[in-house]
Each structure stands twice: as C-alpha cells, then as structure tokens.
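In the two assemblies presented below, subunit A is common to both, partnered first by subunit B and then by subunit C.
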Partner chain A sequence: MYTRLVRWIDDRLMVSPLWRDMADHPVPAHVNPSERVSAFVYCFGGVTFLLIIAQFITGMFLAMYYVPDIVNSYNSTKYLMHHVLFGLQLLSMHNWGSSLIIIMVTLHMLRIYWMGVYKKPRELNWLVGVTLLILILAFGFTGYLLPWDEKAYFATQVGVSFAKYVPFIGPALQKILSGGNNIGAATLTRFFAIHVLFLPALLIAFLGLHFLMIRRQGITGPY
Partner chain B sequence: MAGKRPQRAGWTRRDFFNWVLNVVMGIIAILVAIPALGVAITPAFQNPAPTWVNLGAATGLQQSSVQAGTGGVGTVVKAPYSYIEVDHWAKLPAADYAYLRYIGGSCQFFILSPICTHLGCHVNWIQADNQFHCPCHGSVYTIDGLNVSGPAPLPLGVFRWKMVGPDVWIARESTFTHAHQRMVEAPAQPCLKEA
Partner chain C sequence: MNDHEHEHKAKEYQDKGVVPFWPEHLLKELVVGLVAIAVLFVFSLFVHPSLGHVADPGDWAYVPAPDWYFYWVENFFDVGGYYWSVLGLVKYDWILMFLVPAIGVATLYLVPFIDRYPERRLLKRPLMLGLLMFGMLFLGYFTANGVYAHDTLTAEEPYNIFKSSCATCHYIQGLGGDQTGAVKTPTGQWIYPPDLSHVGSILSPAQIQAQLENPKGGMPQLNLPPAAIKDLVPFLSNLK
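So, the complex of A and B:
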C-alpha cells in the first residue's frame, strides 16, 4: 500500500530521488557518532533544528488560546495552564524548549569557533549562522514578555532600557522597540507580531540558506 | 547514495540504526503530539456551568406582567438584565433580556429565551397577535414559545430559575438559546423553578 502510494506520486512528481538524496547523503566517518562517540559534537546543530521544529508545533497550538492584549494575555495564559487538557505541559515544553535551543545553539557555535569552521570558504555561512543566533535570542526576548506577568514585564523593562545607551539613536530606538514611551499595550502587540510572524519567516529563510550552504560546501575535517 | 545500498541479507547494521532512529524520532513526535492534540480537542470535553443572573424583585416582575395583561392574567413582558459574561478567560459586562410571564399557581413565572431556534435572532413579542415573531426569517411562536410557523425547528428555550431572597435569578446556559432547550413534543409550560 505504502510503496504503491509512493510509486503513484513518483510517476507524477519524481520526489523519491530528492528525498533519497537527502536521506542517503553520506557523512564522513569522522562526524558519525556510531563510528566514534566523540563525534556527537557534530550533532548540536541538528538537535537545535529538531528543537526549533518542536517550538513551531507547540507554539502553533499555544496560539489557539493566547491573546496578545494587556487585559486578557495574562488571563488567557492562566486559563491555558489550569483549564485546558495538557495546557500546562504544552506551555512548559515551549518554555523549556526555548532555553534548550539557546544552550544547543551556543554549543553549536562553540564547536564552529574552536574548530575554525568559519574560515574560508565558509565565511558566508558563519555570517548566516550568527544571524540565526541573533534571531533565536530575539525569539527568546520577545516570547518572554507574552505571558504579561510581573517577571515578563520587568525583564522587558530592563531589556528595552539597554537600547537607550546606543549612541545618538538610543532614545528613539527604545521608543521604537517598546512602541511608545513605556511598556504597555503597544509593546505587547509589537512583541507578539515579531515573535509569531516576523521572526519565524526570517528564521525559515536563514535556515534554508544555512542548510543549502552546508550541502554545497560539505562538512569540515577530519582534524 | 542510491544504487550502492547493500543487498537485504537479513538484519544489517544499517537496518538496525535506521530502526533505532525511527523509533526515537517516533517517540519524540508522540511526546510533542500528545499535549498539542490535548489542547486542540479540549473544547469537546468542556461543559461550562450556567451563569446565574438577577432579573430583579419578584413582586415587581409579577406586577409588570399582570399590568400588561388583561383581567388579572399576566402576559409576556421584557425582563432586561445585565451580568458579567465569563467567556473562557475573558470577563466582560454584557446585557440581554428574557421574556417573562406571570402564570400564577406553584410555578409563578414562565421565563423564555428571546433567541430564535432557527438562526439565533432575537424574536419580538407581538401583544396584538399573542405571538412571538422573528424579524429575520418570519418564524412564529405561541405565547408558550412553541414553534407554529416558519423555519424554526424547536420551541423557544426556557430559563431555569430560582428565588434568591426577594429576587428572581435565571440560569443562563452556554447553549445556543442560552436556556434549557426543549424538544418539539415538550410540554407547553414546563415548570423549571428550582428550590
């Protein structure tokens, strides 16, 4: 049944070769943890990607209950935690997942740095990678405000205040970030839009570039 | 590396690793899917309790119904009420009205929902015809809320009610008509007074 379905699709679109090209793509022995356990350091980037997929899925379902509005965001989050089946678990997965991503992406960057992977010919991919790191940190910063509790409010107050120390444009930048003179309704909608619309679009685009460049240039080593 | 795969000679190392990979990925997928689906299907298992709202003093309601009727028999009057609507996480001040009639006896009040059972418009009480007319698609109900003409599939809903001190309180349900729903063959004036 399954093979017949695959054959039916392949007769029309020939997708199997594309998939086989990805799934059967050989990796060198030095990056294969089943050959040498220490090669697990090459998995940090892949683990980050898996966690990002999990964040996408949990985030989409969280959005079924979340309202980006100063009157209802706290109440809707509380409702999700206490009155929705597995709501607390889903929220916790998204919450813990964000911390795990930042840990994994930092480890990934440290491996790239220590192994000197950023050197020619991979400078462009290093730049894309640093952009991805900034995007992920922005995800964490904007997502932190969304429950609109005390911790979220004051963490954002502090974070946005950093912006005013930027030379010349600082005060304007702070106002643009918070959508007004202080943290309020406009900040919440702004952060929500950035968190669920702008950043995911940018993240997908840059992840695509990241993976295309890896396929083009291959994996570094062995050392 | 299509074409270079080893011949299927039983359980190879590659097969084993593929199997392990698939199982681990499957477990991760299930762990993500369980809470995600749980959140999505929660509404199917939720049955919110009714909101009890105050219609006002029973003596006043009785008086206005009897005054609107003839010969000491009460007729239908609008009984407006306001309340705090609890919609999941949102709490909003809201207002609506019920159609109340003093029927005497042990049941005292017969309180109808104004929501047409066809598509949810508010029906109008037409005193001259002794009927409720729906302005949207012309459904007609008797004074007891029984559907006699037009597209309405069911009689008007009846509010359960109770006395709290001197006041009449009605149970605003989370159903389509906000009241106890009746079948077509339901009694004309079910007494839904609660002790």
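So, the complex of A and C:
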C-alpha cells in the first residue's frame, strides 16, 4: 500500500531521487555524537535550528491571542498569561526560547571560530552566519516591545535612540524605526510587523543559504 | 533502490567512514535537539516571564533594563559616553556611538579575511586567539558591569525619588523638610508635614500606597507615576 502510494506520487513528481539524494548524503562519522560523545559540539547549529522551529510554532500560537495596538497589546498579553489554558507556558517557552537560541548561537559561533571552519572555501557561509546572528538579535530587540509594559517601552526608547548617531541619516533612521517622533502606536505595529513578517522571511531565506552552502561544501574534517 | 544496491552502498559508506544523513545521522542529532526542547519545556513550567505595569511614557521614575544579552551594549555606551564627555568629545559623539560599533560588526564579518593562517588550530593562530579573548573579555566585562550598574541604580532609586518628590515637605532621620508644606489653620495654628522617620510602624504598606495615590489631609496630589509608587511603598514601609 505504502509502496504503491509512493510509486503513484513518484510517477507524477519524481520525489524519490530528491529524497534519496538528501537521505543518502554521506555525513562524516566524526560529527556523530553516538560515535564520540565530544561530537556534540557539532550539534549546536542544528539545535539552534530546532529551537528556531520551536519559536515559529509558539509564536504562531501566541499570535492567536496577541492584538498589536497600544490599548490591547498589554491587555491581550495579560489575558493570555492569566486566562488562556497553557497560555503562560506558551509565552514562557517563547521567552526562554529566545535566550536559549542566543546561547546556542554563541556556542555554535565559538565552535566555528575555534576550529577555523570559516577558512577557504567557507568564507561566504561565515558572512551568511553573521547576518543570521544580527537577524536573531533583531528578533530579540523587536520582540521585547510587544508586551507593551514599562520594561518594554523604556528599553525600546533607549535602543531606538542609538539610531540617531548614524551619520547623515541618523535622525531619519530613528524616525523610520519608531514611526514618528516618539515611541508610540506606530512603533508597536511596526515592531510587530518586523518581528512576525519581515524578520522570519529574511531568516528563512538566509537559513536556506546557510544550509545550501553547508551541503555544497560539506562538513570540515578533524584537524 | 533494491536491497542489493543498498548493501553495496552501506559497504562503501563504511569503508569511507561516513554515515547516510537519514536515518543514521539525523536521528542521533535529533536526540540532542530533543534534550534542548525538553530543557525549554521544563524551564517554561517553572519560571515565567513577568508583565510589569502598562507602558506609561510619562513615568520618569522607571529605570529601563534591556534583555540580558543586550546589557553589554547599554553599558558600553553608558561607560564609553561618560569618558567621552569627560574628554570633551561630545561634539564627536558619532565616533563612539556609530563608528566604534560599525568597526566591531565589520571585524566580525571580516574574520575569514583577517585570519590568513594556514593552520586551523586556534593555538597556532595567535592573532585570532587574541581577538577571541578580547571579544570575550569585552562582552563579559560590560555585561557584568551593566548588571551591577543597573542593580545599584535600582537600589538608589527609592531614596532619589524620596529626595525629589517627598523631601521638599517631609523629613526622615533629620534630612530634608522645611517650611514649604506648612499650613496655617483658620485659628492661627501651624500644621507641619509629619516626620516620616518611623512611618513604617504607623502606617501599613497598603495605607502608604493609598496616601501616595490619593493624598488626604494637607498633602497635595503629586500624580506620582506607577514606578515611583512601586519604589516608595517598600522604602517608606521600612522606615520603622
């Protein structure tokens, strides 16, 4: 039954060769934690990716309750925390997830740096990786504003104020970021859109590049 | 792929010391990943984020704090900005606030092009080892210093609010207070704002909070922001 289904799909889409190519792709044994326990250092990147998927899922569920305007964002967050079944756990997972991702990304970068993985031919993937780091920090910064409590408001005020020091375009940049002269209603919707639409799109694109390059270049051998 | 081919491939992989991505590699990596997800899940059961008072742009008493991984940014600009102004370079703010961070980000991007060593071992790449040590010390120092500075600021905050909002009329332990808040009654007597040195043993925290929010007696409505009241109530309650 299963074989017939696969054959039926394959007759039309030829998925098997793609799948076989991915599944049979040889991975050096020295990165496998069951061969050598110390190989877990090769997992930090993969774990980060898994945590990013977890963030996507918890984020989608949070968006079911969150209302991005200055009257309701605080109240909807409060409602989620106190009245929604598992709402507080959901928010907690999203909150902890951001911290764990920062830790895992740092460990991943340290491993890359320590082993000199970015050397030829992998220079370009390092550039993509640093861009991913900046995107992840941008996720953290924009997400911090969304509950719209005092911590969120004043930290964002401080953060956005740094933009004004960029030469020539500083004041304009600050205005674009906050959607006006102050942190207010426009800032909140803007940060919400950046956090849930712009950044995920960019993140997926750059993750795709990251993985394609790893596939093309392979994993570095031991020294 | 038939069984014969499969066996052939398994033999070839074994000779090369490699394993197929699926299932040999990914399943084992997923085990490590599931541990991370389990950690996330357990943390989320026991430690929850807190929601503060709703954002109030007029709250002058609130001490802002970034997320833990941004403490170093805030503290670097704080400390750097202080010395920058001591040196009289305020006019060239953009060097500290833009050029320095831009050089930092550029350095991070250019790591593969800075590292010209043929060796991959870090100990054989002294410049890269030095850069790493510098980066770690930089992040570590400014993060720790940022947390310390924030704690000091929050600890001093109640007393500063008392000085700016209460000490004009009241005094504690011989400090503050003058004739400003004195009221003359119709019968010609003077009523002075009470000494708050022992207010904690006279009023309960709830009574103190009520008095701050809706003052009774001769005290004017101060419209204290929420963060100020949150800081003042425990501060005054501890004056016993």
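What we mean here is this: the second predicted complex is superposed on the first by the 215 of 223 C-alpha atoms of A that agree within 3 Å, B and C clash if a C-alpha of one lies under 4 Å from a C-alpha of the other, contacts with A are read in each partner's own complex, and residues count from 1 in each chain.
As a convention for this text, a residue touches a chain if its C-beta (ideal position, glycine included) is under 8 Å from a C-beta of that chain, and two chains touch if they have at least 3 such contacts.
All of these numbers come straight from a predicted model, not from anything done at the bench.
Report for A:84: first if it touches subunit B alone, second if subunit C alone, otherwise both or neither.
first
Between subunit C and subunit B, which one touches more residues of subunit A when both complexes sit on the common chain A?
Between subunit B and subunit C, C touches the greater number of residues in subunit A.
If you stack the two complexes on chain A, which partner ends up touching A:50: first (subunit B), second (subunit C), both, or neither?
A:50 sits against subunit B and subunit C alike.
Check whether A:93 is in contact with subunit B, with subunit C, with both or with neither, and answer first, second, both or neither.
It touches subunit B and subunit C both.
Mind working out whether A:65 is in touch with subunit B, subunit C, both or neither, as first, second, both or neither?
first
In the overlaid three-chain picture, which partner chain does A:24 touch, first (subunit B) or second (subunit C), both, or neither?
A:24 contacts both subunit B and subunit C.
Could you say whether A:14 touches subunit B, subunit C, both of them, or neither, answering first, second, both or neither?
Neither partner.
Touching A:5, do we find subunit B (first), subunit C (second), both, or neither?
In the superposed model, A:5 contacts neither subunit B nor subunit C.
Would you check which partner chain A:34 touches, where first means subunit B only, second means subunit C only, and both and neither mean what they say?
In the superposition, A:34 contacts both subunit B and subunit C.
Please report the subunit A residues shared by its interface with subunit B and its interface with subunit C.
Looking at subunit A, the two contact sets intersect at 20, 24-26, 34, 50, 54, 78, 89-90, 93.
Would you tell me which residues of subunit A are touching subunit C in their complex?
Going through subunit A, the ones touching subunit C are 20, 22-34, 40, 43, 46-47, 50-51, 54, 70, 74, 77-78, 81, 88-93, 95-100, 102, 104, 113-116, 118-120, 122-123, 126-127, 130, 134, 137, 140-141, 144, 147-155, 157-159, 162, 165-167, 170, 182-184, 220, 223.
Residues of subunit B touching subunit A in their complex?
1-2, 5, 17, 28, 32, 34-36, 38-42, 45-46, 88-91
Along subunit A, where are the residues that touch subunit B in the complex?
Against subunit B, subunit A makes touches at 17, 20-21, 24-26, 34, 50, 54, 57-58, 60-62, 64-65, 67, 72, 75-76, 78-80, 83-87, 89-90, 93.
Okay, in this complex, where on subunit C does subunit A touch?
Result: residues 1, 9, 13, 16-25, 28-33, 36-37, 39-41, 43-45, 47-49, 51-57, 59, 62, 64-70, 73-74, 77, 93-94, 97-98, 105, 108-109, 111-113, 115, 117, 119-122, 125, 128, 132, 226-227 of subunit C touch subunit A.
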